[in-house]
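In what follows, chain A forms one complex with chain B and a second complex with chain C.
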Partner chain A sequence: MQVTLRQLAPWIAGAALIALPFVHRDPYHLHIFVLILIWSFAYTSWSMMGRFGLVSLGHGGFMGVGAYVTALLWNHLGLSPWFGIPISLVCAGFLAVIVGYPCFRFRITGHYFVLVTLALSGIVLQVITASRDWTGGSLGFSPNRIKGNSIAVLQFEDKTTWYLIALGVWAVGLLIWRHVDRSMDRYALEAISEDEDAAAAAGVNVTWEKLKITVLSALMTAFAGALYTQYQMFITPDTVSGIAISLQMVFAVIVGGVYVALGPTVGAIITILLAEFLRIGFGTKAVGWDNLIYGVLLVLFIIFLPKGILGSAIEKFRARRPSG
Partner chain B sequence: MLAVEGLVKRFGGFTAVNNVSFKVEQGEILGLIGPNGSGKSTIFNLLSGTLPPSAGSIKFAGREIGGLAPHRIINGGIGRTFQIPRPFRRLSLFENVALAGYFGQGRHSLAKANEAAERALAMVGLPVDRHATVDGLGAAGLKKLELAKALATGPKLLLADESLGGLDESEMDQAALMLRRIRDETGITIIWVEHIMGVLMRVVDRVMVLDHGEKIAEGLPHEVSANPRVIEVYLGTDAEATQAAAATRRAV
Partner chain C sequence: MQGFLDIFDVYLLEAVINGILFGGVLALLALGLNLIFGVIDVTWICYAELVMIGMYGMYYLVSVYHVPYWMAAPMCILLVAGFGALLHILVIQPLLSAPPINQLLATGGVLFFLQSLATVTFGIDFRNLGIQLPVLQFAEMNFSYARLLSFAAALVGMIAVYVFMKRTYTGIAIRAIAQDRQIMALMGVDTKRIYLITSALGGALAGLAACLLVLQYDVHPFVGLSFGPITFLICVLGGLGNFVGGFVASFVFAEIISLGGLFSDLEWGYVLAFGFFILMMFVRPGGLLARRQ
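Up next is the complex of A and B:
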C-alpha cells in the first residue's frame, strides 16, 4: 500500500495542480501561482549546475538575454516569440560557452568562477541599460500587445492559460532535473565537484561535462526569462537581469534545498510570498527590504541549515524511518 | 608497448624530471623507485596526461600521447591510481567504480560499465554490493578502491602509484601479490611506483631508479640493489638493510 501511494502521489498532485485554476478562480492568487511556477523553473535551472558546486552569479545575465532578445525581436522586427525564443536561447547558449569554456578549460573554479560569472551579470545589465534607444533603458520595456489571445504570438489575457503553461514548463523542468539526476553525467559531475584530477583519471572529459550542464542550465534560465516576459508584458533590467536577480536565485535555492528536485520550488514559494507580504504589508516603505531579509536569511541558512528547508526535512523524515 | 624518450618536466626553474628515457614491454611489471621528490609521481602525471611534458616524447602502442588530455589517454588504454587515494565520497563504492567503467571505456553502455565495475571490484577483493559506502573503508580498502577504479577503465597499461606507507606488513604483501595476480590473470602491463624497496623487489620483473629527476639505474632487481650508486643515493646509510634484502631474495 505504501509503495503504491508513493507511486501515485505525483499523479494525484499533478491532477490537483491542473484542476486548481478551474476551481479557484481568484485572479490575484492565480497571478501569484504563475509567478511561483515561472520562478521555480528559473531556480531549478540554476540548481542544475549549482548542485554540483558550480555556483554561478551570471544567471541574471542568461535570464536577461532570454527576456530582452525575445521582446526586442518582437517589437523591432515583428518576429513571433515562437522564433524569438529559440533565437534568444541560442544567444544565451553562446554566452554560456564563451564564459564557460575558458573557465573550465583553464580550471577557473570556486570563488574565481563565481567572480567571472558575476561579471557576466553586470555586463548584460549594463548593455541593456546602455542601449536605451532599443531597450528603453532602466525605465523598462513592454512587448507590443495584440488584441485578445493568440497562440501565434504567445499572448494570452486570461490567467488560467498562463497558469497551465507555467505549470507545464515547471513540470518539464523537474523532468529534466530527474533525467540528469539518473544519468551517468550526474556521477561524473559529482566526481568533478570533488576532485577534477581524479575524475579525469576515471576517463571523464571534465571540460565537456561542465560545459554541457552549464549550457543546459543557461538555456533553461533564458527560457524562464522569455516566459516571464510573455506573461508580465513588462520587463525592466532589474526585474529580469543583473546581480540582484542572480543573488535571488542563489538565495531561493539555498533556502529551499539545492540537492533535492523540489528544493528550488520551495525556495520560490518562500521568496515570492515574502516579497508579496512586504509589498502588501508595508507598501513603498518596504522597498528593498526583501533583499535585506534575503541577505540575513542567507547567512543563517548557510550556517544552520545548509541543505535548505526541504533537504533538511527529507533528511529528518528518512532518519526517523530508516527502513523507508 | 610504452616508449619514453628524453622526457623533461620543469616547474619554473625547477626540473622535476630531467631527460628520462625508458621502455616498457608488453606484460611486464616495471618497478619505479626513488626517494621522495625524485620525480616518480611527476612521471606518472606526465604519462597519464595530468601534466603536459616540457619536452620529450611518450609513445604508447606506437602513438604519441605526450600532452594529450587525461580522459583521452585513459580512454586510449592507460589506467592510473593516485598515491593518496582520491575516492568520490558523494558516490557509493559501486558508483565510484562504475563511473570509471563508463567514462574510462568511451561511454559505451551502462550494462558494460556495471559489468566492468563488478569484475574490477571482485579482482581487488572489495564487496560487489551496490549499497556499500566509501566511508566504511580503511587505508587498505581505499587503496583497493583506487586500483578497482583504474582497472574498471579497461587499461592495457596500469600506472600503480602504490606507495604502501600506511599499510602494515601483511597488507603490503597482499597489495604486492595482488598486482602480480592482476598481471598474471589479465595480462595488463604494470608500472609500479614505490619508495619502500623490499616488497617491490619481490614482485617486479625490472626496476628503474630515479634520483633528483634523473634515471640513475635500470635492470633486474638484484642488479639494481647491488648497484653502488643506488645504494649511495637511494638507500643512503641503510646499506645493511639492502644487503639483508638481497640475501633474502637469493634465498628465494
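Up next is the complex of A and C:
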C-alpha cells in the first residue's frame, strides 16, 4: 500500500493543481501562482546545470534572449510567438554553444566558468540597453496587444488559461529533470563534476556531455523568458536579463535545494512570497529591501545550509528512516 | 581628402590615448581582484560593489561634509579596506574549507546586499561630486584632467603595491602563500593574518579606484555593473591570479572599448570586447601570458 500511495501522489497533486483555478478564482492569487510556476521552471532549468557543479551566472543572458527575441519579432516583424519562441530558443542555444564550447573544450571550469558566464549576462544586458531604438532600452518594452484571447499569438486575458499553461510547462520541466536524473548522462556528468580527467580516462566525452546539458538548460531558460514576456506583456532589461537575474536564480535554487527535483520550486515559492509580502506590507518603502534580505539569506544559506531547505529536510527524513 | 584623414587620425589618436588612460584604472581593479584570487583562492564577485561603496563614501565626504578631496581620498581608501577585511571575516572565513564555488556565490549574495543597501540608504538618484576638472588641450586633442590624474594615481598605486610585495616581509609572505598555500603555514607564517591583510589590501585598491572613478562617473547603486563584468573578463583573459597578465589585458580591453566607442556607442565597445574575449578563449584558453603546458 505504501508503494502505491507513493506512485499515486504525483497524480493526486497534479489533479489538485489543475482543479485549483476552477475552485479558487481570486485573480491576485492566481497571478502569484503563475509567477511562481514560471520562475520555478526557470530555476529548475538553472539547477539542471547547477547540480553538476556547472555554476552559471549567464542564465540571465539566456532568459533575456528568450524574452526579447520573441517580443521583438512580434512587434517589428509581426511574427507570432509560435514562430518567435523557436527562433529565440535557437538564438539562446547558439549563444550557449558559442560560450560553452570553448569553455568545455579548453577546460575552463570553476571560477573561470562562473566569470565567463557572468560576463555573458552582463553583455546581453548591454546589448539590449544599447539597441534602444529597437528594444526601448532601460525603459522597457511591451509586446503589441491584440484584443481578446488568441491562441495564434499566445495572448490571453484570463488568468486561468495562463495558470494552466504555466502549470503544464512547469510539469514538463520536472519531467525533463527526471529524465536527466535517470539517464546515463547524469552519471557521466556526476563523474565529470568529481574529477574531469578521471571521467575522460573512463571514456566519458567531457566536452559533449557538458555542452548537451548547457544547451538544454539554456533552451529551457530562454523558454521561461519568452513565457514570462507573453504573460506579463512588459519587460525591462533588468527584469529578464543581467547579473541580478542570474544571481536571483542561484539564490532561489540554493535556498530550495539544488540536488532535489522540487528544490527550485520551493525556492521560487519562498522568494516570490517574500517579495510579495514585503511589497504589500511596506509598499514603496520596500523597494530594495527584498534584495537586501535575499543577499543576507544567500550568504547565510551557503554558510549554514548549503543543501537548501528541501534538500536538508529530505536528508533528515531519510536519516531518521534508513529503510524508507 | 587629406584634411579628412588628418581629422580622423587626430580622433583615432585621441581615442587610443584615452583608452590607455582608462586602462590604468581597469588595471588597478584587475590587480586587486587578482591579488585576492592569487592569495586566498577566492573570487569576489562583489568587487565592483566595493568600489561603489567607496564612491558613495567620497560623495558624502566631499559634497556633504565638505572634506577636501585630498583628505577624503585616504579616508575613503581606509573605509573600503575596512570593508574588504570585514567581508573576509564575515563571509569568506567561515567558508574557507567549503568548495570554492560556494565562496564565490556567497560574495554574489554580498553583491545583492550591497546594491540594495545602497538603494535603500541612498536612493537610486545619480549623484556626482560637482568637481569639474579642466580639459587639457594638446595638438587639437582633448583630454580631461580627471582621466590623466586617474591614470597617474592608478600607476602610483600599482607601483606602491609592487614595492610592498617585493620589499616588505609581509609582502614576501603574501607572494609565498600565493605559490603554495599549505607549506607556508608550516613555515611559521600566520595564514589567517596574511589573508586578512590581503583582503584589506584588495579593498584598499578598490577604494583607490573609487576615488578616481568618482571624478569621471556619477554614483548610483548599480554603477558597479558598468565595470564589474569587464574587470572579470580582464582577469580571466590575463589568467586569474596572474598580475602581469591582468595588467596587459586591462590595456587591451580599454583600447577595444575606447576604439569601439569611437565608431559607435560605448555599449557596443563592451560588446566588441566580449567578442574579442570569446575569440581569445579559443586561441589562448589559459590567459594571454599563460605558459605552455
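We adopt the following convention: the second predicted complex is superposed on the first by the 324 of 324 C-alpha atoms of A that agree within 3 Å, B and C clash if a C-alpha of one lies under 4 Å from a C-alpha of the other, contacts with A are read in each partner's own complex, and residues count from 1 in each chain.
As a working rule, contacts are C-beta pairs under 8 Å (C-beta built on N, C-alpha and C of every residue); 3 or more make two chains touch, one makes a residue touch a chain.
Keep in mind that this is a model prediction, so the values were computed, not measured.
Room for both chain B and chain C is found when the two structures are superposed via chain A, with no clash between them. Of the two partner chains placed around the shared chain by superposition, chain B is the only one that A:Val206 touches, whereas chain C remains out of contact.
Considering which of chain B and chain C touches more of chain A, the answer is C. With both structures placed on the common chain, the touch criterion links A:Gly14 to neither chain B nor chain C. Of the two partner chains placed by the overlay, neither chain B nor chain C lies in contact with A:Gly168. Once chain A of one complex is fitted onto chain A of the other, the partner contacts of A:Ala198 are limited to chain B, with no touch recorded for chain C.
When both complexes are overlaid on chain A, the residue A:Glu190 reaches chain B alone and has no touch with chain C.
Centred on chain A, the angle reaching out to chain B and chain C in the chain A superposition, using CA centres, is 80 degrees in steps of 10.
Remark: least CA distance from chain B to chain C after fitting both complexes onto chain A is 5 Å. Interface of chain B with chain A (complex): residues 48-50, 69-71, 74-75, 80, 82, 86-91, 95, 98-100, 102-105, 107, 110, 113, 149-150, 152-153. By the touch criterion stated above, chain A contacts chain C in their complex at residues 53, 55, 57, 98-99, 102-103, 105-108, 110-112, 114-116, 118-120, 122-123, 125-127, 129-130, 242-244, 247, 250-251, 254, 287-292, 294-299, 302-303, 306.
Listing the residues of chain A that touch chain B in their complex gives 184, 187-188, 190-191, 193-195, 197-207.
Here chain C touches chain A in the complex through residues 37, 43, 45, 91, 94-95, 98, 100-102, 104-106, 108-117, 119-120, 221, 225, 228-230, 232-233, 235-236, 240, 265, 267-268, 270-271, 274, 277-278, 281-282, 285-286, going by the rule given at the top.
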